[in-house]
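Below, chain A partners chain B and then partners chain C, in two separate complexes.
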Partner chain A sequence: MTAVAAKPQTGAIFNPTAMVVGIVLLIILLGIGYYVSPTLGLAALIGIVIGGVLIGFGVHFVPVGGAPAAMGQAPGIATGVAMLAAGAGLAGLFGGAWAADQGLLIAVITGGIGGGLMMAITCMMVNFVYVFGMGIPAASGKVLKDPITGDSQPEYKSQGTEGHGLPFVSFVGGVIGGILGGAGGTLIYIELLDLYKATLPTVMNASAAQILPIAVATAGMFAIGLFLVNAVLTAYNITGTIEGPHDPKFKRWPRSVVASAVASALCGLVAILIVLI
Partner chain B sequence: MTVKVEVIEGGIPHQKIMIAGLIATIVCLYLSYLNVYTNTAYFSFFGGLAVVAALIWGSHTIKVLCSYGIGTGVPSAGMIAFGSGVIAMLLATKFGNAAPIVALILAAVIGLILGYLANEVLNMKIPVMIQSLTELAVVGALTLMGFAVLITGSFTFTGLTTGSVTLFGMISMPSYQVSFIGGGLVAVAFLLGSIAVQHPFNACLGPGWKQDRMLMLTAECGFLSMIVAAVMSFALISAGAAIISLLIALIGWVYTYCQYIELSKRDAYAWLDAKPIPDVEGH
Partner chain C sequence: MEQIVFGIGITALAGALATVAGSAEDTESNIGSQGDPNSQVQLAPQMGFVHRIFNKAVAGEPPAYALWCALGAGLAWAFLAMHVNAVLAIVLGSLLAVFVQGIYATTAYLGRTSSLAKFGQPVYVDILKSMTTVAMAHAFVAIFCTVTICYLINAALGHPFPLPLLGFIWGIALGAAGSATGNPYYGKERQYQNQKFGAGVPISASGNIVRYAEAGERNSIDNGFFTAKFGGPASGLCFGLIVFLELWRTILFEKVGAGWGAIIVGILIILVFTIIDRYMEVWARKNYGPYTAPAKEAAP
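Our next item is the complex of A and B:
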């Protein structure tokens, strides 16, 4: 498995030129959005960019253990970043979609709670399996003391491992990540849904009630696509495993925020163009 | 600074697979246009063949990309392929007959920018990253378009969003809910494709990796997905056309499955044809 065999030594280095190019690209894409639709389209595009950034930033909080965690040799949930982010985000998106009729704020909060709840349940059951199934305590390998509870970590860490289980700070990080991811995914969905509901009746020459299934399905598909793009780009930023907000890799988040903003603006622009051309 | 874990030894070079996959996919997608000339849906199965061709290309691209330790697991490559692909494909359907070509170009642009973001902004520094993400986005878009053709017989926005409901067997009325996009079939196609494109390399990677075995598994996964999509197509196209798709998918799947088992036996050190646990009488 490549994830175990070799981890790229990217480190927390920033590439200033690429960051500037990314920001310029973002401004150009927003400019195109303003050009094709100064009011409705640009508002939706900005919402999509904010949602994408929330996803990209939120994924950094989620404790991802990967294959080593499955063997109890690294802390975190034993699967990849993309899978966890997709799970949390889609759970949030589905939660938020039910509340879509009650306005933007309530829907986004509902989406955040859905994602956070999913991550809370996952983290709890993961620790349940670690402690009672595999017989290992939760211990972080990256910090000496849990930043939230202040519990000492090294005494519980087995030799030759990077820590194991899910320390309290990772649990909290997972829930925060789920909330941000779910809220971001829902924000993208709601923005696109409102846009499609407003424009599709004229585009398809049909009544609002008739096009509702199309609007819901298209917005949902675009939201899922955008979510996966952002989640995988963030996964590439993390390269493998992360323990949570206390992990040194967490400091890489500015790279991911720029990448997510540009990727969301690009994909969001395509999603907006479908009703404007 | 990256470590390349495996190298491609022998087999068909990637460029050849890419060109062959691209041409076969586009040609198959356009062959489905015979549906319009003959005013039937009997040629929808070409969409399924386009899916298989695109998947074979895509799984080899994933092999090229994931040979570098990207550290995120193979499935993430399938997810980003279809995440960017579905966005390009949905917009491309608006362009009528030019849809496959537009999907190709649009997906390539999206993939190129995503590749740049991953390689430069996120500092991955993997030599094949930009090319691979470009290819994967195109594969995602064309695979979804293939599924759309297989299920609805069309690749235009109108064809994918408009279906018809027959009431009491005689009155036919248009419905947006009974359609590829409105009915949510696009979500099923999305996951059928993304799992089929990432599974073969995930299953075959390792020191004993053989190109022909992995590509045969890809074809098998493609035909397996085609069976499911052909069953779903009964809802949207005529039963005769759906049966043709289903038969072709079944024949293709049985053939590729048998071939894959043969290749697995060839590459295995030893194998034992284990029988089911026998029922012992009187116990």
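Our next item is the complex of A and C:
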């Protein structure tokens, strides 16, 4: 079948062989982590993989309309998947890093709420512009009724478009996506920070207070890098635009989660090996 | 107590700076057609609509602003390490970052526009000369305000991240907020002013952007002038609210309940915005009603 003849697939597409290969790769990478450092290194690597999976899964919730949304031709937020998810997730990471002293749980939840807050404000302002700036009510192109409010959608959809604005379910999806992204990014940061704080004094032959700025900066850079890796990977899985959890493309999440886990394990291994070898 | 009052003051200042930054960012990106509406600017000549709109979209707004703000913050950090006065260091860092933005804008416009030569789209040197400087001026305001926010967060509020990392984070958040809020207003309301108000642009109309102004041909400064009245302030409000509320909940409630205070307040704020959003959605459905096709004018 040529690329032209191939029909676009919107629902779940599974390639069992690829999934198995992905899981085997993940086990091998975790095994290397165990071989290098059975306690500290492996614990950090598992945390990074969980964080990466949270980011990858969370990005599927974010309603992204891309270029068509900028002309009111498709519902969602008018920007790229990876960019918006990164914006929300990194805003969450900012809050989570601030709360790092208060323990893993508090920091991760604070990071999640930070990401959710950013998305709530952004989604609300998107609808503000659509409603008060352009006089357009929100309408989904993928469902007949909003799964949360039950509002009917087709009659509000402009002729010749796939919908516009952010129906309530997309708003909720955006907030959930921001929460998961912020929490995942913060989890990666905290795991790496703990690892660097424990190992860098020996590696650099310096006191804990001296290495703290280096540990914070390095963990922050790796957390941002891992965030972008997972967000971009998921953007490829989504291929263009997604309305939120009610979109048929949402069902593609399992393969993205496996891919995110493998990519996070590989990148996380690099982040760990710089201090453990 | 004194520290909390100081923190609130810094939070308010950061919120105000963020509002200005968001507004300037959106206007800059609209002048340069850097957001998603660039697709129509690029498509128009291919559909036979040659125009005089600036187009520098070779990267999305969030990564572009992440680069410029991280660059500005990194250079300011280097100047601070050289014991340069903080205000001067931030100004110099932002200025150098803006030169990079100017080079980016110039090469992007030349590259994108010259690729349309086979469709008869000329590269207008007067457009390049007049638009680039205006875009650079707006970019300076956005970068300077963002780097100042990062400096305040780092130096006055004690965030652990170094200045360049904060520049990257808030640069990407600035671009995300500005493009999400400002793009539809520029894309639908300005580029397609000839289409029905209160409805999305039909896909069949893609590429047929408005190319003429009240006098002569429309250019990107006209677009910046238009969007600065609504899309820009809305983007500013969005980024201002994000920065202000994120800092406010942390400064005031971080110590309450061993960290749970800031979390609960964050959840409450999210709920408030959810209610506002739902109210707006219902209000729009009630007041604007379902879509009605435009009535066809009778032939004379």
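The rule is simple: the second predicted complex is superposed on the first by the 265 of 277 C-alpha atoms of A that agree within 3 Å, B and C clash if a C-alpha of one lies under 4 Å from a C-alpha of the other, contacts with A are read in each partner's own complex, and residues count from 1 in each chain.
Criterion: contacts are C-beta pairs under 8 Å (C-beta built on N, C-alpha and C of every residue); 3 or more make two chains touch, one makes a residue touch a chain.
Predicted, not measured: the structure shown is a model, and the values here were computed from it.
The superposed arrangement places chain B and chain C in clashing positions on chain A. Looking at the superposition, the partner that touches the larger set of chain A residues, chain B or chain C, turns out to be C. Of the two partner chains placed by the overlay, only chain B lies in contact with A:232; chain C stays clear of it. Applying the stated contact rule after C-alpha superposition, one finds that A:66 touches each of chain B and chain C. In the superposed model, A:86 makes contact with both chain B and chain C. Contacts of A:130 after superposition on the shared chain: chain C is touched, whereas chain B is not.
Looking at the shared chain after the overlay, A:273 reaches chain B, while chain C stays out of its contact range. When the shared chain is aligned, no partner comes close enough to touch A:55: not chain B, not chain C. Of the two partner chains, both chain B and chain C are touched by A:213.
Contacts of A:221 after superposition on the shared chain: both chain B and chain C are touched.
Contacts of A:159 after superposition: chain C is touched, whereas chain B is not reached. Within the superposed arrangement, the part of chain C that overlaps chain B, taken from 22-30, 40-48 or 112-120, is 112-120. Residues 66-67, 80, 83, 86, 213, 217, 220-221, 224 of chain A touch chain B in one complex and chain C in the other. Within the complex formed with chain B, the chain A residues making contact are 1-3, 5-10, 13-15, 17-19, 21-22, 25, 66-67, 80-83, 86, 204, 206, 210-211, 213-214, 217-218, 220-222, 224-229, 231-233, 235-240, 255-256, 258-259, 262-263, 266-267, 270-271, 273-274, 277. The touching residues of chain B, when paired with chain A in their complex, are 1-3, 5, 66-77, 79-80, 82-88, 90-91, 94, 106, 110, 113-114, 116-118, 120-126, 161, 176-177, 179, 181-184, 186-187, 190, 205.
Chain C contributes residues 35-40, 60-63, 159-162, 165-166, 168-170, 172-173, 175-177, 179-189, 191-192, 196-206, 230-231, 234-235, 237-238, 241-242, 245-246, 249-250, 254, 258-260, 262-263, 266-267, 269-270, 273-274, 276-278, 280-281, 283-285, 288, 290-291, 293 to its touches with chain A in the complex.
Residues of chain A touching chain C in their complex: 66-73, 77-80, 83-84, 86-88, 90-91, 93-95, 97-100, 102-103, 106-107, 109-110, 113-114, 116-118, 120-139, 149, 151, 155-161, 163-168, 171-172, 175, 213, 216-217, 220-221, 224.
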